[in-house]
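One structure, as structure tokens, below. Some questions next.
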């Protein structure tokens, strides 16, 4: 099943890849990422196939496979995963899909409805809504994923160190995080934005620092329990260094809460960016962002409902699928729910 | 669960049923303001949000409330200007009382003007009184201002709400800062309370010298979001709304419970370039940008009837009229010509390939949109402009340090000096373009000193033609119009060109039904 | 327990010190000039100089910091914009904020805890799916959008509620009418997390052996859920609420902006925009203080619901 699916994805990617080749110069970064994605998909399918062959011979099933089996049973999570796959393809292929530029203004066609030239109509400056939404998804997913990955890495690192070493290190890290956490985040974000200026990089930085406490706490908690296990003590006795104990033995056992938290906080990130856009601090124009489009669109509710509906539904779709997928992963990881 | 919902429903119906009739019988007018004033003490008022209200609490010597360009008697019944234009004598109205009962005398007038000029008060309006040498109270009801040089716009400065007359004794006791939160004037309404971000409440001054106001109570409510302002006026939460979005105005115009009033305003928006920083300092670059953006179409699409295309800094209707000439010298949308200029600049090495620069602007939605439109068009020519819309706190220091490319606005009274001096004079702090030409400075100074209309007018025509039709240092975008939407229960209200709320004047006395 | 409380309160001092240093650092990094914002674009150079002098904006950084700290404690720290004692300015806005936050919290608890319990008990039922989807909507739609939709529906179309603004104390009719919409909008985001956490922790608890035992012993299902299970599922719910309640004070900025609500969040944001350094400083410290105290209370509350927890 898995093998087939990733194989099909690989084939679709490959066909698209060849089909888009003549247009590759249009946006070579996208094309490059897409090529990498296709290659990765191919390798993944291959690995899966080999894995399957090996596992067919043994009756034992790894925990990962069990988890995957459980996840597959969960229909909502699978639909969410499908949506996420489609969204990531849209993200990468946006410049090849849309016939219109997301930036070009058409002063003769202001806030129009659905038509053949503008599939989802135009906004108040005559820009194509479909194109803007596609590029908006790109920005949202890009920033969301980057910020959450950063957030996860920093949070996990801090939690790991605090939990593993304990004592003074633990106190220091947790106290500092408490300071960070005690300042209301939205105020902190606005203050930092005012101090450093706006821009995608800074936005990512700020958002990625938002949820550190939650990550660090959870990781620290699971490290504390894992640490007590005999195999850790054994590893220490035979002289394995702290770093490799943490990376090889402790971290893999904490991976499930990290994954869940990360998939859930992507939605939150996108909303934070939308909120900042509403206050005039988000992504600066002319770059399209879903939050900014919605903040702008709500001023035109009566004139052109599409201007709020399209970005609104898109945000909903992204946040919903990340959350549902995250929920699904959590349920699948939780063996107790399997009875 | 069911019980819970039922109890909630009961509670809801209770609260909803009991609509407030608290102030029944009292005539209360509620006005939505888009931004809360920073100050109410005229000496300290920094901008239009304070000015818009202050005219109801304070009176000025002369009044421009009904006509923005011809002075009418205010607290002064009459006045004389000496032949050389250096001596202004005002005869005060007798029997005028402050809200605390003290009578108005010339000492109060002297005190107020001196307070504005006193550096210790750091008054934002100080500069308008720079040419004043001294103020003297000739007797209890006569005040004379002695000027260093003739200064044509003095009457406008004295008629501005920032020159509202303060009660000397009370202010000396309270101090300027404290007076700001408990203002006392001679105006038609008395100050009751100011709850920041919530409301400012005024009540009627029955002893007002022009006659008692019809309204018992006026409430100013800050509503920060224009779309919520529209919802408020539509749902009857406020009676007068201003500074709304064009799309809301056109919708509300169809509502027969509301009245939409639009008049030409006294505010503009413009694009400015640096005069000193390359490549902005090259006139070909500025012309190329003028050519590259379809300004007419973009302005129409963005301002949509709440603004008229501007060609000069001096608004139509304000002397000297030179619109014909200025309109002719405006540059048309011409991508070919723009490309020629850009190519030239690139060849000479003034403009780099893929030149990246920010367009600085405030968070005014119209300005952000026009900045976006400019940035979008410029991308077609290989210029990577990005829009930086900042709050005032960050924006001002950047603009004052020569930002290169910015979009800003200005609002003022109908006198050419006020529209040009601070913007084009090399010594002015508002000259964000760092425009510096001796002949312009000279003309600006002459314009202030000359009293005859003809010669004064020529100076300003020269300035505008030189700066905008030869140097293209700015691209004038629009003159905003002022739109007020009021509910039908309001009678007698008219918007003012400066977006002030005048409720009681010699000609009007606003009331509600 | 008293000891524990005292020790936690002692920890407040270094915590607040760090917070104050950090926020002061950010303030000092911020470009822009409070004097310029205050005096507007007409101000002359000398006026600016004078204002800077007045608020000690031209002194060395550490002098400014010490001055700000001591003034905060002596109650002399004045807002540049309001020219009033910072603590007073914040306290005045506390009432609307507490009302909004409190009402939202109560609403969220009333709706989402029962919804979470029912979802857990009737797992995979229609109710479960419906309430979980609604909860997800709550965290997927930006607050400002829900807000404007509600305004158009209830204020403009139905004319039932006032569109925005503060109507005085929530115990008056007018105050209540003004409170309903913003409180609902704010609680919408809260409901999402509360429902989900309630459901999840109920699911955890229901599986425990003692519940099975109790059921086997013939305890009524309702009592079983409400008394035996819920009491033990309460802890994560309380943690989350404790975290959120403090966030509500500042996090309501968007709701407050849409509904023109005169709360602390908007005060703080405006203070940042206006470069009102003393006010930002005071606001953030007070809000952080509240956050820490609320969390302490939550920790103490654990002891009440679960006597097994001891405070060392």
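First chain written, first letter: the chains are A, B and C, and each begins at residue 1.
Note that a contact is a pair of C-beta atoms (placed from the backbone, for glycine too) under 8 Å apart; a residue touches a chain by one contact, two chains touch by 3 or more.
Quick caveat: nothing in here was measured; it's all calculated off a predicted structure.
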(request) Report the most central chain, judged by the distance from each chain's C-alpha mean to the global C-alpha mean. (result) C
(message) Applying the document's contact definition, name the chain pair with more C-beta pairs in contact, A-B or B-C.
(response) B-C
(message) Quick check for the class: compute each chain's Cα centroid; which one is farthest from the centroid of chain C?
(response) B
(message) With centres defined as the mean C-alpha position, give me the chain A-chain C separation in Å.
(response) 27
(message) Taking the mean of the CA coordinates per chain, how far is chain A from chain B in Å?
(response) 46
(request) Could you tell me the distance, in whole angstrom, between the mean C-alpha positions of chain B and chain C? (result) 37
(request) For chain B, write out the residues touching at least two other chains, lowest number first. (result) 227, 391, 393-394
(request) Would you mind listing the residues of chain A that make contact with two or more other chains? (result) 194, 298, 301
(request) Could you tell me which residues belong to chain C and also touch two or more other chains? (result) 30-32, 148, 152, 257, 273
(message) Taking the touch rule as given, give the residues of chain B at its contact with chain A in the complex, in rising order.
(response) 226-227, 245, 247-248, 251, 294, 297-298, 300-302, 363, 365, 368-369, 371-373, 375-377, 379, 386-391, 393-394
(request) Spell out the part of chain A that touches chain B in their complex, as residue ranges. (result) 103-105, 107-108, 110, 124-126, 194, 197-198, 280, 284-286, 298-303
(request) Can you check the complex and tell me which residues of chain B touch chain C? (result) 1, 4, 12, 15-16, 18, 20, 22, 38, 46-47, 119-120, 122-127, 177, 180-181, 195-199, 221-225, 227-228, 231-232, 234-237, 391-394, 396-398, 422, 429-430
(request) Quick one: which bits of chain C touch chain B in the complex? Just the residue numbers, please. (result) 30-34, 36-48, 50-51, 81-84, 89, 92-93, 96, 110, 114, 118, 148, 151-152, 155-156, 159-166, 173-174, 176-177, 180, 257-260, 262, 266-267, 270, 273-275
(request) In the complex, go through chain C and note every residue touching chain A. (result) 11, 14-15, 18-19, 22-23, 26-27, 29-32, 136-137, 139-145, 148-149, 152, 203, 207, 246-247, 249-251, 253-254, 257, 265, 268-269, 272-273, 280, 283-284, 287-288, 291-292
